[in-house]
Structure formats: structure tokens, C-alpha cells
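Same chain, two partners: chain A is paired with chain B first, then with chain C.
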Partner chain A sequence: MHNRVAIVGIGQTMHSGRRPYVNDGELIYDAVTKALADANLSLKDIESVMLGNMDLFEGHHLNDAMLSLYSGAMGKPGFKMNTGGTVGTMLAIQGWYHIASGLFDTCLVIGWEKHDEGPATPAITTITDPSVDRPFMVGAIGGLATISIDYMNRTGCKLEHAAMARANASLNAARNPNAHLRDKYSMQDVLNARMVLYPLNLLMCCPTSLGACAMVFASESKARKITRKPVWIKDHVTVHVEYGGAQFGVGEKRWTSHMQAGSTIFKRNHITNPRKETQVFEMYDPFAFAIPSWMEDFGICDTGEGWKLVEKGAIALEGEYPISPSGGVMCTNAIGDSGMLRVAEAALQIRGDAGEHQVTREVKQALASGFGGSYWTDLLLLSKTTD
Partner chain B sequence: MKPKAQEELIYLDMTLKMPFKWRTGEPMGEFFRELKANGKIYANQCPKCGRNFCPPVNVCTRDHSRCSEKDKWVAVGPRGTVLTFFISEQSFLVPTTGEMLKVPFSVGIMLLDGAPVTLQHNLEETDSEKIKPGMRVEAVFKPKEERKGNIFDIIHFKTIKE
Partner chain C sequence: MPDRVGIVAAAMTKFEAAKPWQHLAELVLEVTDKVVEAAGISLQNDVESVVSCSQDHWDGRTISSMPIPDVTCAHLKDESKVAGDGAYAVLYGAMHVLSGDHKLVLVVSHCAESHTDGTIIENWSIDHVFNRMLGLDYTMSAAMQARRYMDKYGVTPEQFAKVVVKNKGNAKKNPYAQESAALSVNDVLKSKMLADPITVMDKKPVSDGACAMILATEEIAKKLTDKPVWIKGAGNCYNPHFLGDRELADCDALESASKKAYKIAGIKNPVKEIDLVELSEYYSYQELLWTEGLGLCKRGEGGKLIDSGKTQLKGEIPINPSGGLLSGIPVTVAGMSRVAEAVWQLQGRAGERQVPGAKLAVAHGCGGICGQMHCVLVLEKGGK
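Then we have the complex of A and B:
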């Protein structure tokens, strides 16, 4: 049996494509300061500190050493995560382990990236086998494009449906002051964008952003003293994949890490109708087909139903099942914090503190996912109560 | 007070140019030797469960048993089926060479006949109207004297009608 774990403090920087006067440490410091202020704590209340990003993006290896100045890790235990797309969710999960074990009462987790300092696509390409895969890989979007083609082929989803999902994300991001891309787009605007990697055009890919997010995790006894609105991490799961085509859900038999993660979480928590029993999903959605196809893979809806729900407007802020009300990864993507923003934004929805992008339905339970890199899928179930 | 300098130096440019070597492992070495010497694509077989791998592996992904070059090899392809693909209309830097990719280019994720594990490679076709999942393709090899024992001994996969 483990101890209960709550999120008691949340802080994030603004996100943008370039901020020439701000360095990586300052970004982290900004997020940490905001998270501590949100929890009404000071650094001396923090027992352990976790930090994460993708080293090669800034060309700075073991940056946790130099950045301890800004993260507040000096003299404290903790470690660095570097799992690519899942860094942010993995940090949240590692924060959970620290508290759940009973060894710590508070843990500060920080995810960040500063994409304007290096070339992201060649850096991502180095995660693959140089002898057979690297020559054909174009960063993350190559894989995402193949998932899109496969999804359209299997279910009859069209480019228009992806454009609808992207247009909806733009309306959400326009309400989120911390989002990077905040222009509003119609479906037609999205379809008119320049083609990058067929079938994904420029607007259907996630941007490269810079920003940081920090959260404070606490044990139950501590959490109840710190805040009147703790958000509980009810469950979480991580699923690794077989390297190769299985990553993209193609091969002899269709299986994806999202499918296994969704079924595990829902079964373990006796959730039979996820669209009723959870009220919002902050999904790691780095391309426009992610929302329809991964709703299906996670088991939020049936196969072939995802794009129909998008068409009906179900994923909108005021819809039947809002997805990524913050605007999601398609509007803001500083990789090391992208996953953590999903958890943070889902927690803000439960607290009712999401401001302009608060969903209209009452949120008691929320899902947050991470995707990519090494540990392919993370899925977290957050709850307003401990029951 | 210190007078403010006129020039703003807020960036330091840096380029990481570091040479690396990558040990392919024995099975991959054998795979490349066959490509070069005989223009044949081989999968290696897990000695325990009998699963074929192309590209070959050193360890079976299913039962974690060790595969060596001395274990059974099975000729696969050169024909196969495209499961999914992408077409790039934007160029990207290739970290293995430091060169920019020539556009447009397309990449297919394929199952070669006889291999249950996918292989990715360039497709000859780059028109999105003409590539469909389920499409049949065949490997086109470089002439023997030009082959170097790497994945580019296969130029690309061309569309075929059967």
C-alpha cells in the first residue's frame, strides 16, 4: 500500500517561439517561483527536486548540474529525467513515487525546454538506430505522419477532421494566456497551410516553443495543511514499446502503448464509461490526427468514432468531452514541459482555476497523457477527491 | 557606474561537431554483408521462438533470448507491402551525414514478404495520390560494384503490379 499523493502547487511560464533575453535557468526559476507561490511554500519546505528536459535540444549535457542554482536543488536529493516526449509526465510520476513511498512529504518537479537554442529535428533523429532507421527519419513528425496515414486508411477519417481538431485547439489556445500559438484558425485556414510532411501541413504539426512548468507534490497530511484544493493523483501507468513499426501501431497485429495504457487505467479504476466518469482529457496531442485517433486508442470511444466526435464538436471547451482545453501540444510545445503541462492543466481544471479556458462541465476526474521518446505512453488519472 | 556597452552580446554561437562510431553488432553486420555481396535481404531468426527479424536483432524483442549470426537466417522480400508512409516536402538536416535531405522524398513502413517485423526505406513514388497503404513494392538494388554494405545498397522500393 502506498501513501496518497496530491498536487499542491502549479506554476508555468508564458510560452513563445523566441525570448532572446531569457536563458534556460531563468525560465526554470520563473516556473519554480510561481509553483512555490501557488502552494504558499518556500524552498526550505521542499524535500526533493526533480528536473527534466531533452539534453541535446540545447546542446547542454547534464544541465541539472549547472541549473541547480535556479531549480533550488542544492543540498537536496532528486534526479534528472531525460525520456523525450514523456519527460514531463515521467517527472510527475517520479514525484508521485517520491511521496507515495513515504520517504518524502514534499517534492518539486520541473520540466522545461528552450527550443530556440538548437535544431530539434536532427536532435530527435538521433534517438533511432543509425544503421537502418536514422537515414529515413525526420524527427518526430515522420512517425506522426505515418500514424496519420494509417488512421485515415483504417477508419475513413479525412484531412478535414484533423483540420477541425486543429481549429478547435486554436480557439482553446486563444483563451490561454500562457499558450504559444494563440491565433484563431478556421478549418479552411488549417487546410490552406503549407505542406510539410504529407499528410501533415505546418499547422497540423506542433510548434517548437520555449517554456517551463513546475509542480509541488505533497503527502496527504501535508497537502491538507497547504491547500484547500489538493488534486489527487489517483492512478498512473507507463507503457514501453517494441522498437520499430510497433511504435506506430503498424505490424502484424495492431497494438499501441496508448491502447494498453488506457485499458489498464480504466480496468484498475473500474471506469466503464470514460467520457462520463472522467470529464476532461489533457492529451499529449502533437499532431492534428492525435485527438481523433488516440481517443480511440485510449478507449475514450470506439474505433472509427474519434473523428465523428471531432466532427460533432464533442471535444470543444463546452463540448461533451473536452480535449486539451489549454490548446494542447499543437499550440504549445516546449518538449520537456509539454507532458508536465498536461498534468498541470488537468489539475487546474479540477481545481476550477483554469480561468478563460475552464471547461463548462464540472470536473471531478481528469486524464493527462504523455507520449513519445523512450517510455512511449504515460497516462495519469487525477481526482478531486480521495475516494 | 559602469558605462553600458553599445553592442549586445546575448548569444554565444556553438556547433557540436563530434565524431562517433556505431557498432552495428554481428547480426546487422551479416545483414549488410549479404546486401553487398549477393543483393539479398535476410532476416535472422530467434533460436527460441522462431520469430524472423528484418532488420535483424541481437536479442529477440519477445523472449529476450540472444540471437547470433550463427543462428538461422531466412531470405525475405525483396517484395513487400506498404503499411503506411509519409512524403516530405520540406528538407531536414540528417545527423548521420550533416547534409540536407533532397525533397520531395517519401518513406514507407513496409512488411517484406516472410518478415513479420517492419522495415522502413525510401519509396520511388513521391505522389500522394499514387501511394496507398496495402500497395505492393519491390527493392531496387544498386549495381554490385557500387554497393558499400549499408542500407543504401537498396536505392528504394518501386511500386509493382501483381
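Then we have the complex of A and C:
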């Protein structure tokens, strides 16, 4: 039986496309300062510091060491994780392991990215094998477009439904002062956007942002002293799949890692009706079809039901099952912090501290997911109580 | 440690200056196959989680763990990657077991330094606002550290050379070592100067290879082997990044890491209690400096310790009986290979380089400019 782990402090920077007057150290210092202030702690109360992002986006090697002055890691334990899009959620899980193992009572985790310092797509292209498929790969969009087409063919989802999901995200982001893209769009606005790779147009893809998120985790005994509103990490799961396993070949292109992650979490926590027993889902949703299709893959709804829920408006802030009330990854995407923002925003919903983008239903349990790599999944279940 | 974490088995490739016939994933496949066989387990059914360790810049690949689920049979399993030294991956694997989340964990690391020019990567790890444009790499900064160490404590290049003589000599008994030689102090001093006082022999050679180990709960480790090795203590710590913010002749972060590890392990007198040390000396002077940080001698006395002969293979406290990094181990793999060597010593499987009756060992990994971060693991012999 592991030690219980709580989220006791959350801080995030504003997100934008370009801030040439802010360097990476200043960016993470901003998030760290806010997280410590939120926890009402000082750096000397923190036992270990972990920092993560993707090295090749900015071109910094070992930047956990390079930025130790700004992260607060100087003179403290810590190490870096780096797993692609899942790095933010992986950092949260790393923080969980530090405390659940009994080796630490408090830790600070920081996820960040500064996409204005280097083009993302060439760096993403290098995820593929240099001797096999790198010549055919251009960033992440190819696989996501394939899966979108497959989803439309399989379930009858139309372009309009993806546009509805994106329009809903824009309304959410407009209420989130930290989001990057905050313009409000109608379904028709989204459909009118420039096509990038069918069926994904510019608005249906995630942007490249810069920003950082920091979180403080604590053991049960410490957490109760630090805050009156701890958010508990009730469960988490990581599912990685074989390289190229989901992307290629004929037949159904369902997200096997999402499917397994969802069923594992729901089974272990005796959740039979996820839309009732969890009240909000901060999903790592990097393209518009992700919302309807991944709801199905995670087991939030039945196959073919995802786009119908979008059509009904169920995913809105005041809807039956709000998805990514922060605006999600389609409105804010600094890859190293995208995953951590999902966990942070889900925790804010449980605390009731999400401000203007707080969902209308009472949140007792929330889901947060990470996606990246070779179609990999992290899924966390957060809870208001320890039972 | 809150509970016992056992290391069941460890495996390494032979380290070589280049392995152009092996894809990076094949390096991992080789050690995974070896370690699974040594542990007598099924990769598919018994391994619950994989912790890998590699670096995107060295692999030239964003998410350098992309091929890992393939070769470690981690399809639809938990896999995560530590982007630092391999010793941290062992620590993270131990956390997986301690948390109760996983009972049996495969830890792997790989690196092929021959694929690229390491000095450029080292330069990219240096602060880009103030220092990177100076063109610093680890050898130049190590020269400054060695020089400061000599100035402050009167340590000499002859004493650095003795480390090279000892380690390259020990490597003759290690079939996995890349380079070994019977050298004299003069051979080292006369070799090509890179950055005064560091000669080409004072520096770790370019190397390719991989390392793997199996970690398990106490119960499972005892079932799988009659020679388990327990992780008895662990500590890690960052130094400041800017060289001007540090006293380069002392190693505060390593002292902090080793003190923590010893406290958890209940070690009061490291020299008396520890039977052998495998540490990460990227440059010869670092072995002397790290012995101070590990509490094996007082500050400034690393030179005297090598002079005393106590750190020789047959000495009171052998340091790097395997030949250390100077015999050729790639970065990233470095710290994990130190743990693996210590495990073999404690299991009595170290062949000609075996330290007789070894019961307690320390393994050390480090990374960054002038050893900016350190990880110390205390390992104890289990079984009879």
C-alpha cells in the first residue's frame, strides 16, 4: 500500500505564441513562484524538484541542470523525465512516485515549453526511425488526420462535429485568462479556416505556445497541514504501445493505449458510469476529432456516441460532461506543460478555483489525460476526498 | 529505505568505440535479452514496468525512448524515460517498486556516442544567455575545475595520472571494458594535451553500449535468486549551474547526496563499512574529487588517498575495480553501469576483478557541467 499523494499548489504562466522578452528561466520562475504562493510555502519547504520538457524543441541538453537556478533545484534532489507529449502528465506521475515511495514528503514538478525558440514540426519529425520511416514523416499531423478519417468512416461523424468541438473549446478558452488562443469561433468560422491536411484545418490543430506549469505535491500528513483543499491523486496509469502500432496498417485505428488506460482506471476504482462518477475530463485533445473519438476510446461513452454527445452540447462548461473546460490543447499547447496543465486544471475544477471557466456541476472526481510519443497514454484520476 | 528493493540481475554489452552494426534499439534488445535470461523471467508476462534512460540529443531523436516498447516487450505496458544519468533510472525504478505500483521493473539505458560530436551536445547543455557563446564544453570546464582543485588543495597531475594507471590496469581484468593498458604515470603525463592539465588519457574515451537490470520487491527477488542485491540507501542532488556560483574544488551536491544515502543506509563510517566503490569519473581528477564527496577522505585529501594505494583493486577500499569510465563507458549508461558492476561484485560474479568478500558497495552516477548533479546508491549483498 502506497502513501497517499495530494496536489497542494498550482501555478501557471500566461500562454502565448511569442514573448521574445521572456527567457525560459524567467518563464519557469514565474510558474514556480505562483505554485509556491498557491501552496503558501517557500522553497525551503520543498524536498525535491523535477523539471521536464522536450529537449529538441529549444535545443537545450540537460536543461533541468541548466535551469536549476530558476526552478529552485539547486542544492536539492531531482531528475528529468522526457517522454514526448506525455511529459507533463509523466512529471505529475513522477512527483507521485517520489512521495508514494515514502522517500519524500514534498516535491515540486515543473513542465514547460517555449515553442517560439524553434520550429516544432522538424523536431517532431525526428521521433520516427531514421532508417525506416523518417523520410515519410512530417510532424504529428499525418497520423492524426488518418485517424480522423477512420473515425468519420466508422461512426458517421461529420466535419461539422469536429468544428462544433473546436468552437466549444474556443468559448472555454475565452473564459480562461491563461489560455493562448482566446478568440471565440462559431462552427462556421472553424469550417472556413484554411485546410492543412484533410480533414484537419488550421483551427482544428493545436497551436505552438510557450508557457510553464508548476505543481506542488505532498504526502497526506503534510498536505493536511499545508492546505484545506488538497486534491488527491487517486489513481494513475501509463500505457505505451509499440512504435507505429496504432498508426499504420488497415482496419480500425482505435487508440488501444487510451482504451486500455480507461478500462484499467475504471475497473480499479469500481467506476461503472464514468460520466456520472467523474464530473469533468481535462483531455489532452490536440486535434478536433480527438474529443469525440477519444471519449469513446477512453470508455466515457459507447462507440459512435462521441460525436452525438458533441452535437447535444454535452461537452460544454454547463453540459452533461464537460471536456477540457480550460480550452484544452487546441487553444494552448506548450508541449512540455500541456500534459501538466490537464492535471492542474482538473485539480482546480475539484477545488472550485477555476474562476470563470469553473464547470456548473459539482466536481468530486476528475480525469486528466496525456498523449504523445508513439500513441502513448497517461491517465490520472483526481479526487476531492481520500475514500 | 522504507522497504527493501532487490536487484535480481544486471547485464551490459561489451563497450566499444563504435558499434555501427547495431541500431540503438538493438543495443537495448541485446541487454534486455541477457538480463531476462539471467533473472530467469518472462519478459512478456513478468515485467510490469519499464524505466528507460537515454538522451534525445545523443540519439538525434525527439523522444529517444520511441523504440523501447518494441524491444522491451512493453506494448500496452507502463514505460517511462529518465533523461539524465542511468543511476537516476535505477532510483526511479526503485520508486516504482517502493510505491507498491509495480512488483517487477526492467531498467535499461543506452547511448552511442560515436554517432555524433559530443562537444557540441555538451555546449548545448550550457546556459544559453550568458555562457554558451563562449564555446565551453565539458573538457574545457573540467580543465578549469581540475586547475582550481590543484590550486586550492595542492593536488598534482601526477596524482591524476595515477587514477588513469589504476583504472586502465583494472580494466585488463574486465572483459566488458573498451580500453585497457598497462601504463606508467609518465605515459599519461606525456600523452597529448587537450586542455591543461587534462590530457587525452585523462579523459573518458568515446564509447557505445547499453546496460539493463531487473528490480523487484523483496519477496519476488528472494524467489528469483539466492543472490539478490538490496538497494539500501539512495541520495541525489543538483549543484548550481553557473560555474561562478560554485566552489569548483569542492563537491557540495555530492556530499549532500552521499550523506543522505548513508543516513538511509545507516552507514556511519563509510571507509570502514563500504567494501568497494564504482564511481563516474569522466576525467581522472574527478575520481579524486568524488572520493572526497563520497566521504571516503577529507576535503582536499583525494590526492593522498590515491597515493596511499588504498583504492587499488587489492587495497582497503577499491575504487572502480571495473576500470571505471576511463576504460570507456558512454554517458547516460555510465551511472547504471556503475550500479551493474557493483551488483556483480556483490553477487560474486565479477571474475578476475572480484573484490573478495564484498558485502556493501556504493555506486555513483553524475551528469552536467563539472559534475553538476550526482546520484549515490548504497547496495548490500543479500542471501547467504
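Here is the rule we use: the second predicted complex is superposed on the first by the 375 of 387 C-alpha atoms of A that agree within 3 Å, B and C clash if a C-alpha of one lies under 4 Å from a C-alpha of the other, contacts with A are read in each partner's own complex, and residues count from 1 in each chain.
Definition applied: contacts are C-beta pairs under 8 Å (C-beta built on N, C-alpha and C of every residue); 3 or more make two chains touch, one makes a residue touch a chain.
No experiment lies behind these values; they were computed from the predicted model shown.
When both complexes are superposed on chain A, chain B and chain C fit side by side without a clash.
In the superposition on chain A, contact of A:H240 is made with chain C only, not with chain B. In the superposed pair of complexes, A:G142 makes contact with chain B only, with no contact to chain C.
Once the two complexes are overlaid on the shared chain, A:G25 sits against chain C while remaining clear of chain B. By the touch criterion stated above, A:H2 is placed in contact with chain C alone, chain B being left untouched.
When both complexes are overlaid on chain A, the residue A:M66 reaches chain C alone and has no touch with chain B.
Between chain B and chain C, it is C that contacts the larger number of residues in chain A. Within the superposed three-chain model, A:P77 lies in touch with chain C and out of touch with chain B [touch as defined at top]. Using the contact criterion defined above for the overlaid structures, shared-chain residue A:I300 touches neither chain B nor chain C, since it reaches no partner. Once the two complexes are laid on top of each other via chain A, the angle at chain A between chain B and chain C, using C-alpha centres, comes to 70°, given in steps of 10. Of the two partner chains placed by superposition, chain B and chain C are both touched by A:T126.
Fitting both structures onto chain A leaves chain B and chain C with a minimum C-alpha separation of 5 Å. Common to the chain B and chain C interfaces on chain A are residues 59, 123, 126, 129-131, 242-243, 245. Interface of chain A with chain C (complex): residues 1-3, 23, 25, 49, 52, 54-57, 59-69, 73-84, 90, 93-94, 96-98, 100-103, 123-124, 126-131, 237-243, 245, 256-257, 260, 372-374, 376. The touching residues of chain A, counted against chain B in their complex, run 20-21, 59, 119, 121-123, 125-126, 129-139, 141-142, 145-147, 149-150, 153, 195-200, 242-246, 248, 250-252. Every residue of chain C that touches chain A in the complex is listed here, in rising order: 1-3, 23, 55-57, 60-67, 69-70, 74-84, 88, 91-92, 94-96, 98-101, 121-122, 124-129, 234-242, 245, 252-253, 256-257, 260, 367-369, 372-373, 375.
The residues of chain B lying in touch with chain A in their complex are 10-11, 14, 16, 22, 24, 28, 32, 55, 61, 83-90, 92-96, 101, 107, 109, 111, 116-122, 128, 132-134, 150-152.
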